[in-house]
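After this come two complexes, each holding subunit A, first together with subunit B and then together with subunit C.
Moving on to the complex of A and B:
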């Protein structure tokens, strides 16, 4: 007899669904005269999207809970002449929705005009000029200055938090859509940002309006990634990088993180996930960087160190589960929320920091350059990397190891500024001796990549046998059992800090079954990072991740310990993994921080 | 991080002891946030940052979430309040009969703006929409006392009266 297993669960709108198949009746309604039949738990907006009707939105984001605050998606139900916010209103039988009626069109337009009436007229001075959703809607609705000026009245004049080091917050540009508040609470479990005060005085802010550097913010930048306007952006380091490129005294070395090659193409019209490594390198050389290297080199180095550290821990049954440390957003979150578990974190530095420490020591020596004149720039998918480089722990080369961090978006702006025809650049290769790639390092850019890369090396070192592909997928929390020699290891891979907190609570309670946990602060890992091209949705991040995975599959060497440049680095300079020089340059310490 | 009570952990502990006995009465659930805030404000006169931090830890909320609630409700105060609270009515009747002039007179006398507190913590000045005594317009309340049919020139004497009471009580 077949047993039908039913699990009770509720969807995000609180409607009961069973198992994977919702026990839900269908609802029939018309939208702009077209009949459409959809599940009863759909919203009017979703029903419209199913039949290709576009309704403008601002506060709505497909990856977040529903909010319904901006009223830019208003439509009219002709059956009762009511205006409805389509993003939050469930479909009902017999609705006659019009997105085109005069009332609906006027209401949407009026709502945008009112938003603009208290929004700085500063597109020219805004980082989001050209990628702003409010600007785009204003343009699409043909709203003119005089339409807005008739609502002229009191406007906000609030201080801008530019202290960084990762994010800049300008509450005057905020349209109170709440996307940042939702992502910070729902996806990251941080809640550094909240609505405060009421009515006209409402703003999104931190506790006591403290600067970002003084609150429990992880610097992940997911708020900037979902902000429809220029209210939250990265602290730009573009000017600083131009200055050193122009300075003949400075030897400017750039590293690019693994994920950039599968994401920066979006800024230049490529499909998400298109791999543009050669063009990226060519563009960086044309911009005037003296050496163009890949962070994949030091990702391999991270694997060598962290893999051996894991082997040491499992042999000594110490500090398990071993928890990865390459994500600086995760590190700061752990320092605030799990100060009692910091001994579980790998002491291995992130690839960015290993790279810079090696550049200002080993590479300086090899190339015969005074490290005082070397300026290290990192192109990262990440805003937390800007914070990481400023940490006092990262001065092991005798200098600040990493001097500047550019997000993917900032690099794209520099390329656009000089007018390079990115799509048609002739492919070029990374420079020797820190530009070799292994595939293992490439997948660092997605959730699960670090784990897969590390276990490839760990298994081979311990047993001489290769690791089969893990194929974990990209979502939330994933787990696997990996057999190495005569023992099975339980591993977990998690992205999104709210998900990470679930696993860490188990570790704290002593009920965790895992030997290894990989944490990435951003959903999907670095391909979904806070510094990546905008706008980003789950769908796009999936494509980016698949782009990176395709590089790994097409690469002939796919194991970090087989990277010849890495082997040479250990032979000539570092000695053994975890040894004196490696320990000094490639490992770090963490600090306890207050929860709030 | 400096604490309002001083810098050492011993005096901090002493300062937060009354709060801890308030917290003991409540389970660690978000829904008790508002009653906890009300009791804490009753105890401390306002809601100091260190008190809010302690409440955040207890309820496993972020400080921003609590700050959002505290700034939403007019009943909560983040700054110390004066020993005497003056509420100036700005409702329609009071407005028509010169309430704004009365408010200005008080502001000048105390050298603070509406919403402010004097440096000596003697007075806090607030405006309210209506106190339901329109027949007495323009009207103010000082603590629980109502003063009606005011003119700006009557203000100094009224305030002086409360200052004197303070001194007499001491």
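Moving on to the complex of A and C:
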């Protein structure tokens, strides 16, 4: 009854995928003596991967357009003795590719050496020490210091940009692979970063070389997520969190976003998508946090507020389509690019901000702690959350609601620093009164989850009937028609800001057919967030999302309005959804914005 | 200035001379002797331009109208036979016949790479698409080159006519001329020419009643050298940063805005009307086996006659330099000729009898390029020349791919230290290694050819490099600050004064029988004094 239609519109390269796949002609070639037959539109690199031959890459990223700039994937075609960049060269009949020839091996190595000759090579002090792709390739190729010193000369010496609220850029570490440029343009439609200057002076920078604080960046951190080296990293808040943990005066409360439980395991050797909730809680307690809560609690709260807000809008035929507001990267993008449509955004704060506001009011009162001494830390998959917490609107508790935001990667670093054996930690449970959660909240961590969670509540509130599963999938733009009572609602779920812009342009033009649009800035939603473990590819994100879905399925309470802690919060403190107190603590405003 | 019909050639004509020319020559038919051209070697005056060696050995096809017709008048172009070829192609020939004619003519791309033009057209023709584009590459970027500029300024309609024929052949209805903004006069004349052609129905809808539509736009480039590379050029037309992308896909399959696109150079298009008018045989009877027709060169450097020359393929370098160019300036000794612009190579004296075509130049480590030709005498330091060209390509690299961005910088650093006397053992091997690596692994032909000047000078003038490194000496006395200056040991000096006599810059002074002194500020470290000193009193300090 619920789903009448489900359409997948286009794939990552903008090609319509639905329908029959055209018959592709085949090409036969040999790679390292092995015969392989592949589709004619494949590259040499893809053909090699099909038969398990590994070719090193740096500028190549499976989710982005082909660039062919680093020349680290060079192979030799023995049929004509030419060296070819395997990531961009299409297969051709009769090619005799050698990845092992002396020429190919030397050429690949030489290009890595040239990159290193213009790189700080101060791995010990780098955030990406241990997760750096250049470091790994250097290691795999056994490149020694003297190999690089042969080419010693001028090196890039530019100031590090630490002015941004979320992201730090160190142009001296940049190897100009252009992944950040491509993700920002192709996936996010922001184009905050571009190539500038020429020759050896070439850099990746912002328009007019403005500091990060002055640009229209959404702070989504996808650039940091695809950067192979330490040129773009999150602004780290680890030190400040350690300081408050060590401060006996401070009562440090930590919340963990829904997606973290399915992603942080990767930092400790677990397969992507492995759910490690109990170990995550245990680790946080061992690190010294006073209380460990889950953001899923406030995700349920978000559903209560936003769901009721949607119902109100439907009844009043006002500000439709209703557009979700839980993703700070998306909010920032809208403020820069669609200031005329801000009235369509839900006024409900994001779960992180609701959580902190409630912590410093309701929880402080319940626990009898002076809110001035409470320090709220959020563990997030996201770099935009770092910016969000600094918004001046978010001081409704009388204090800055959220004090610090750690990405998944930063938390993992803290756990590693103290030497916890994460994999073997005894599972523990979230703390009481703001720790219970529902399956609805869990799936906030993936694209489509907010919508499904909200509609479960909306439909039951309006009709008393449960919603059937939507399971919208994870990529691009998806749409569905949902029947609630006697009316059909057109729903769209979109991730990736470039995709969002397409739907928003329709809204602006007055041609949008939707009643509800969910937007997540990052492809796949929070499981693909800019603060998640590296490296991340589409395949990994799929597994993470499946991990979250499995929690939802196994949860006995799957609807936000059945969360007992939430019911109590309304009874004891807020009154009802959209009440005066709710509005004060849980809703916010937006404004047109020109810079970060 | 040339007076027709007799073709009397006056040079160095000033405004004040005009009255005399009009009165004497035009009215009374008397040649103004004092303004006639004098052969530099024989001092003989030559009245008619056809008899001057500079013109005698040239074969002008593309330049045939330049300087003869008013480039701002379409009527003059038409009077000189213009647009006849377009009319013939559009009304009497099928696109396939046009392509066959150009293929038979053997025309190859004049932008430098020499890809067969007819084949390129055929590939674009055969790609099925609702839309195709034709692009003229007028992004002439080589330092000192002005072939395309002269053509566009002197005969813009010839390019437009060539483009109309090409567009018809490949099936394009829209074209772009990508021209650098530093060519304002060329742009002005092109704009005017396009407007005139549109007004006469030679551009636009249903050209000459053939049913064929074609119109042209001008796109001004900001002057980046790399935008002469076709994929970077297309990116620039699309409004993006001029950066090359990997090929395939080739423009004939996916070019401007993803549509099949054919790109040719200005001079290539300028050859097309001739081929259609006179037929493939007329064209392919000129030139060598694989390179047909003529080529325009911008002849510059240490020779007597400089300027644009259009010569048949297969002419020797010696003929260009000594017959057309009038030999070396001030009777100096020829050392090398650089062809192909900053990505070309330096050819030494022993190869002066090389017959010029695409293949022969490539075989000796140079290239045709767009037609730059710089003649150097023995006052030129070949290491310094290589450094000059590499510093150009290095700073004009788009910075996209590793070998070109990082590698050319390292090569330049090595050349800089060699030229400042800090060259090290192993530098030449390192240069060669980097040069070959950059050539083999760069993304586009800017990087693929940037090391050519270094490789060719290393091949033919390796001793000069070695003198810089081992003896800390620049044989041509060009490189300043080579190593340490020379000093005279006062205790050994016998005051013979031989050092002062051989010093090329008079940096040594003194009185006979007393110790001589070298002025450190003037010394160029050439070592001539040390070599001459009979008692070994001079050494590098």
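One rule holds in what follows: the second predicted complex is superposed on the first by the 571 of 596 C-alpha atoms of A that agree within 3 Å, B and C clash if a C-alpha of one lies under 4 Å from a C-alpha of the other, contacts with A are read in each partner's own complex, and residues count from 1 in each chain.
The rule we apply is simple: a contact is a pair of C-beta atoms (placed from the backbone, for glycine too) under 8 Å apart; a residue touches a chain by one contact, two chains touch by 3 or more.
As the structure is a prediction and not an experimental result, all values here were calculated from the model.
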For this session: Mind working out whether A:70 is in touch with subunit B, subunit C, both or neither, as first, second, both or neither?
Result: second
Exercise. Does subunit B (first) or subunit C (second) touch A:154, or do both, or does neither?
Worked result: second
For this session: Quick one: classify A:200 as touching subunit B (first), subunit C (second), both or neither.
Result: second
Problem set entry | subunit B versus subunit C, judged by how many residues of subunit A each one touches | C
Exercise. Given the touch rule stated above, what does A:114 touch, subunit B (first), subunit C (second), both, or neither?
Worked result: second
For this session: Have a look at where A:145 lands relative to subunit B and subunit C in the superposition and call it first, second, both or neither.
Result: neither
For this session: Answer with first, second, both or neither: which of subunit B and subunit C does A:594 touch in the superposed model?
Result: first
For this session: Classify the contacts of A:88 with the two partner chains as first (subunit B alone), second (subunit C alone), both, or neither.
Result: second
Exercise. Where on subunit A do the contacts with subunit B and the contacts with subunit C coincide?
Worked result: 194-195, 197-198
Exercise. Residues of subunit C touching subunit A in their complex?
Worked result: 224, 226, 241, 243, 245-246, 248, 394-403, 405-410, 413, 430, 434, 437, 440-443
For this session: Note which residues of subunit B are touching subunit A in the complex, please.
Result: 1, 49, 52-53, 56-57, 61-68, 71-72, 78
Seminar exercise, completed: The subunit A residues in contact with subunit B across the complex are 190-198, 205-208, 215-216, 594-596
Problem set entry | Parts of subunit A lying in touch with subunit C, wherever the complex brings them together | 66, 68-72, 74, 83, 85, 88-90, 103, 107, 110-111, 114-115, 117-118, 150-151, 153-154, 175-176, 178, 194-195, 197-202
